């Protein structure tokens, strides 16, 4: 997909975000910067309606609560009914019983086009079925191999599974991509993961192939991190946050194509 | 009103904001930048009490929910009882049944000093009465004329109606102002509308004429957008957001008077 | 404590924040900038669990509501049971009946390691017991002396009491520190107090002496304010916010030691 950014900017997809209140402003500004149109709506009386008319729905459980969990379920079901792709960011999966239950529930009632998390979160999801049955999942040392973990998630949930880290891994039923982009310093600000999930929704709203949408989004975010760090490294992390959004707003297809940090393989 | 900014900075009005969690930080910083003092409080057990001691109350339904709607109603009624002016930002009016119901309800139980929205939101409000009666409102092609739409809103709700867009329109019972300020790029960040409504509350808390307060606020925001864009245009939208708040903090009366972008007329 | 910053950066304490939605992003970025790891979780079904595994818990009632108050109580009790230090920021104590009741309740059921507020908030807490008994607290002109007010709070609640203002005052059972750092312009942005409370949690998660943790945090924030203002003073308050977080991310022990703005005394 050589024109994902220009497609996105041309279509300006409406991205319905049910996300956490810590980084919601960054998510909205990242989606706008890359060319989408964000809308945040989490009341149960409108979440399904808004999802039904959106180009993509993003569900991020960073600051979940009893009220918003029900809204997420309703929005996810509505999106599925209306063929609106749903992107899932299982923030903190495994970190509390509530998060485990909520992840399990969402996975059981909503079909996701793309699931993106870190290795720990995705490992939780990969082991979900076995764990809840009280038997060992058969996961071995391969659990720490992102390609293996992502493959289990992709197959079990018939989805694109993306694990972000020092190297990013994207897997669908037949393809694998490994992305070498971004920098360690992105972890010094809150929200780079949430922003990434947000722009993944924007790309998915413009590009029907979830694998290509995820690759374009993760590469864009990584490049924005590199550009941002180059700009802000002598200033500090407040400037880094600003510079990353600046870089997203200047992103274009030739920058993505010229980066050279993506390796593709078959499964 | 040649001294609105200096009056605001001298009085430092307390502005109670019931606003959305996406842009609430920007709203608070914009109010501080222009010289006001923001307070956010949305629990039903204190919303009315806080509103009663404020200089202005801002109600913005960007991320409304069942809990906060009741608090908005309570705060609005309390403000009316205590002669505290109320500013309304009907974010997304018309976009969902919940938003329509909530806008209708707020308009029926709270008197607003100023209502500010985009043309779509204000058109919804202009057609409210007829629509709920199931009859045509008699709105014709003039519906797309901001002066006509704002005039209907101003007359029906005995308020100052402000429609912001490429050109901004402010109407009260006898006056019309058209403001040529700001730039298209302000739409590339989230929150410029919410920040504007926030500083409208700050100006209204210092200036008793709602029409003049709205004009000063909209002109200030437009100029801040122009200054911010001049500063940030080679950097990107993260910098634009910072530069707009910077510009608000440096705003003064002579900058407003020198801009020349306001046309006044009688109705 | 000559190595508080390096200790913090080495330990990278997990700081569970139950804080307001206005400044939560700044709090998270400030904690990251100084070297901690923030986690925000406010649902009653996980707040206690998350608190139990954290290095510190921060409770800030800036935008309290009926739901989150119960979660704060549960998290505070859990933290106490698991010997996790709890930091309290009683935002707006005295400003509404709900805030007064909530402050009283939290103080009665949770033991706080550090309580930090402005003079007005801390004066409310100092007079709490007498007020609720309907009798005069015996507070006299000394009420406006921060050392006197902080001493009452420190003794009554067996805590470290910190009152921030033009000069900052930190008191425990035997010691007093007065800090001359920061600048008036920090009040031109929202969140400097909340960020300070957040990094106080980060320091307290790395330094077992609450008095020393509070001194290091308050001095760090004051220096960051001075550095930020030096950087941003010709630009405006949007830049000031960015520059303060930048400065926190560059903070080190030698900067703290070299500032010279701390006076110590015995009580």
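In this document, chain identifiers A, B and C correspond to the written order of the chains, with residue numbering beginning at 1 in each.
In this section, contacts are C-beta pairs under 8 Å (C-beta built on N, C-alpha and C of every residue); 3 or more make two chains touch, one makes a residue touch a chain.
For clarity, every value in this text was computed on a predicted model and none was experimentally measured.
Trainee: Quick one: label the inter-chain contact graph as line, ring, star, complete or other.
Mentor: complete
Trainee: Please decide if copies subunit A and subunit B contact each other with the same set of residue positions, more than half shared, or with different positions, and reply same or different.
Mentor: Both copies touch with mostly different residues.
Trainee: What is the distance, in whole Å, between the centres of subunit A and subunit B, each centre taken as the mean of its C-alpha atoms?
Mentor: 34
Trainee: In subunit C, what residues contact two or more other chains?
Mentor: 21, 25, 67, 241-242, in rising order.
Trainee: Quick one: in the complex, what on subunit C touches subunit A?
Mentor: 21, 24-25, 28-29, 32-33, 38-46, 49-50, 67, 241-250
Trainee: Quick check on the complex: what are the subunit B residues that touch subunit A?
Mentor: Against subunit A, subunit B makes touches at 20-23, 25-26, 62-67, 92, 95-99, 188-191, 235-239, 241-242.
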